[in-house]
Amino acid sequence: MARLTPLHEAVSDIIQNGDTVALEGFTHLIPHAAGHEIIRQGKTDLTLVRMTPDLIYDQIIGSGCASKLIFSWGGNPGVGSLHRFRDAIEQGWPRPLAYEEHSHAALANAYVAGASNLPFAVLRGYTGSDLPKVNPNIRFIECPFTGEKLAAIPSIRPDVTVIHAQKADRRGNVLLWGIVGVQKEAVLAAKRAIVTVEEVVDELDAPPNACVLPRWAVAAVCHVPGGAYPSYAQDYYERDNRFYQAWDAISRSREAFTAWIDRHVRNTADFEEFKRVFAETTKSKEAV
Amino acid sequence: MARLTPLHEAVSDIIQNGDTVALEGFTHLIPHAAGHEIIRQGKTDLTLVRMTPDLIYDQIIGSGCASKLIFSWGGNPGVGSLHRFRDAIEQGWPRPLAYEEHSHAALANAYVAGASNLPFAVLRGYTGSDLPKVNPNIRFIECPFTGEKLAAIPSIRPDVTVIHAQKADRRGNVLLWGIVGVQKEAVLAAKRAIVTVEEVVDELDAPPNACVLPRWAVAAVCHVPGGAYPSYAQDYYERDNRFYQAWDAISRSREAFTAWIDRHVRNTADFEEFKRVFAETTKSKEAV
Amino acid sequence: MDALKTNTGVLEFTATEIMTVAASRLLKDGTVCFVGIGLPSTAANLARLTHAPDVVLIYESGPIGAKPTVLPLSIGDGELALTADTVVSTPEIFRYWLQGGRIDVGFLGAAQVDRFANINTTVIGDYANPKVRLPGAGGAPEIASQAKEVFIVLKQSTKAFVNKLPFITSAGYLDGGDAREKAGIPGKGPAAVITDLGILTPDPVTRELTLTSVHPGVTVEQVKAATGWDLKVSPDLTTTAVPQSHELEALRDLLAHTAKAHGQSAGGEG
Amino acid sequence: MDALKTNTGVLEFTATEIMTVAASRLLKDGTVCFVGIGLPSTAANLARLTHAPDVVLIYESGPIGAKPTVLPLSIGDGELALTADTVVSTPEIFRYWLQGGRIDVGFLGAAQVDRFANINTTVIGDYANPKVRLPGAGGAPEIASQAKEVFIVLKQSTKAFVNKLPFITSAGYLDGGDAREKAGIPGKGPAAVITDLGILTPDPVTRELTLTSVHPGVTVEQVKAATGWDLKVSPDLTTTAVPQSHELEALRDLLAHTAKAHGQSAGGEG
């Protein structure tokens, strides 16, 4: 049953060191504020799952919170490489990062299987690809009726899934819309879920057949306006493409990255303070 | 690509004798007008698929159009038995009806597998039930990762799926809402789909993430206002519960059934004439 | 059976009424309940309208958190969609919500049950040559196996309560003892069978259905006579608490609204 | 490469522009196209804005029938959702629409391709000890195998066009000949690789990528020099038709709108 709670409490109570954690959001509604809180609280040994480990995972990985990553596309969309992700994989900094690599179709199916409480997902996929050669969690099974060969991968069942949504009502029911990605599946595949939201309202006023997560399917709802920034929240604010570009320079060196994370995340009390500090540093940079 | 076409043309062109045909709709949006047109055109040897063969299949089966039925619950909801369905199964009238019987969960999964172009569906199910003893299409497979035993059934891939929806636009894009059941999956699992709609509009005005079937996923869209009657179309008209009750008496004897079908379906030109005749017979009956 | 009237103080109620009230009381507030149509739906909605305002009612057609003001006649009535927190597809209901392990209570009706609370809704007689062809499985096999626990509500008679079922549609405790666990069925199984005569619960060891409560004015002999096996009676047999006036009022209001809206009162899948 | 300018009558265009225009022309009107981000998205939207107004653009994040007026920077831009016929979940996109067999054309970019049009977007060097770690598979393996046919668009160089890939992320024709069919891959495979120098298409028998068209002003030797294997040249080699003014105008307008909206012009998954 959802508690409406501050984000630091939710992350502190619900995410344990060593947990398998999925922060999902496909370009849209990426839970950056929650990612920062994970860094701020110095969580360690996390197995991170995410189809598209972009800036949010670059930050968490670079901060040393993760020991393993399960993913299907790791890049800074429209910009280039994720330097912290590559540094962890290629050089083991700040700690070695094990990784398990899939295709988008496979991970999307693995979340569906997790939400469905099945141990594995079946898909037509991976044929001709070298990925099965390097990932022992890609296997092939036979259809018991036709004999056709199909790919199978383990379902994803995170200890905790974290998403960002547009609205919750005061009882903790959640509504999201637009590009909803794998968020519903990721929440229902997890043992516990944290949802940060733009707005807490009296009535959700959900359209018919909308993507609603009832309060009893969610552990905590946290009111964090702007919590997807620099990602976007449809009908609230747009993606800050400039920050995605700026991240390339910030993240290129270990020193610049660490300085940025210290100043904006580790040395801020919460997302509100992050926003203030970020506004200041951005302004002063633009003034230069 | 959807053609906007009269229903009799769609049924004539798209449904062939011997086809596997699914008419879906879970209480809501049941495509009765299309079912009548199948009877009117004397289609034969159909394999019918439907989770809940209710009045619509009682009528089609009683009219001798079907040789096989795949289903998971066959009854007149809230009233009792389907007499034509039982007569076909128990007495072979008007012709023997082979049947394959599943649970709702299994058929829903089989439609999902069909829409996903997979040959089979996997579910936790049927454990302890006698259904696998009488249905060789229920098998068990092992998870290639955990060894867990899971049920498997063949996917459903109808030649034709028929559904009723609230709206289409003039290009043939379809919108439905409310209880959407397995309709999207049934349409996408099929080789060809016919959609009857309450209304053809200039703009669908679909809410975000609504259940929309794009025109290129549908073979024909037919404007048939009231085409779900005596089922309902949310925001258009309510279910006629009295007709569901009346059907019990109409369908109890072969003679009364045949007289009703002849008068209302076989001897009417189309659904518009059905509605006129039905209004007359209903009025005269109430007058008695 | 409905003609049975019992005097308890000033209140009069029918056997169906006490069955429905007794069943409704088993639903705790906040429970997530997968609701079968007919008697289970009546009892679950009565619970929601009385002691369990936060019970979450899920119907297999797709509504989650339905709060109908009139009882649905069928499992996909518009009233369910219009009053729900959201409506999802039928595959999603079975995959993410039931199989996903998110249902506390499955509330089922049945045509027949046996001494180990297995359910038949498929056929009486031989499967290939049925004496009576029943509607079939519907959602029951997976509700019975995957809900954390199950309540079954049906009227008691020797036709309905049989020693051995001609066909097990949905698993209760199979052959009893730990047969259910051994078969790998995830949910705990039927916690109670609520009838118009009393309440039967499984013996903790043998899992045989045992009479643990009789409704006021009903004798143990009446219950045994309506059971197709030698029904065991709990040494701690109690008498079902009589329906309270607010329960009866809520139930009668609900049925009156339903009859007014529908012109009928029963219900079924479809 | 973009600095390359060719004079054809009055029109001037860059190598990237003719690559994009040539790619866009391959998309027929009414085609259902699964669009990769970056160059494929530019070409697909150019097709939609010129000769193929009814092309259906599907992005893996969920939009079906997207009609963006500015190019998406990432695969999940709000512009895609706001202009789409509908937005479904990412699992549904991959399950019902791509795997469901409803995609006519998969339009992909690549880091590297080999002579049989296999694609690498995973790693350069050894997988366990990468020289360069690329972003990974994304949607490509299943787009490459399940779309009825595939177009690949990327700039030509010996780094990108290699004889043998260090890693096959997404299947083209594997070892050539009927290897793809034998592997049981449903889609027909890459129909064309469109570069900034010309168009390569698979030999009908060997499936080896063969130069079938050079862009105006480009020599065969230039193309061979930019290819990491001994590139075969079709006996029916043609010269790519020059971009028409309405095509160039539409492309430049689109890029100008995009730059204005985003302050950048590339794109990626995520």
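Per-chain numbering from 1; labels A, B, C and D assigned in written order.
Here is the rule we use: a residue touches a chain if its C-beta (ideal position, glycine included) is under 8 Å from a C-beta of that chain, and two chains touch if they have at least 3 such contacts.
The shown structure was predicted, so the numbers you read here are calculated from the model rather than taken from an experiment.
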{"item": "Chain D and chain A - chains in contact with each", "value": "B"}
{"item": "Selected interface, A-C versus B-C, where C-beta contact pairs are more numerous", "value": "B-C"}
{"item": "Averaged-CA centre spacing for the pair chain D and chain C, given as whole angstrom", "value": "58"}
{"item": "Intercentroid distance (Cα basis), chain C paired with chain B, Å", "value": "28"}
{"item": "Intercentroid distance (Cα basis), chain C paired with chain A, Å", "value": "42"}
{"item": "Per-residue overlap in chain D, given as positions that touch at least 2 other chains", "value": "81, 87, 95, 99"}
{"item": "Where chain B touches two or more other chains, by residue", "value": "112, 117-118, 123-124, 148, 178, 180, 184-185, 208-211, 234"}
{"item": "Chains grouped in pairs wherever the two touch, ordered by label", "value": "A-B, A-C, A-D, B-C, B-D"}
{"item": "Residue ranges of chain B touching chain A (in the complex, touch as defined)", "value": "117-120, 122-124, 137, 139, 141, 143-146, 148, 150, 152, 154, 177-178, 180, 207-211, 234"}
{"item": "List of chain D residues in touch with chain A within their complex", "value": "37-38, 60-63, 73-78, 80-82, 87, 89-91, 93-95, 98-99, 118, 122, 127-128, 130, 133, 135-142, 145-146, 167-171, 174, 180, 183-186, 262-264, 266-270"}
{"item": "Contacting residues of chain A [partner chain D, same complex]", "value": "26-28, 51-52, 54, 71-82, 85-86, 89-90, 101-105, 108-109, 111-112, 123-131, 134, 148-149, 178-182, 184-185, 232, 234, 238-239, 241-242, 244-245"}
{"item": "Of chain C, residues touching chain A in the complex", "value": "30, 32, 56, 64-65, 81, 85-88, 95-96, 99-102"}
{"item": "Residues of chain B touching chain D in the complex", "value": "1, 112, 115-118, 173, 184-185, 188, 206, 208-210, 212, 214, 216-217"}
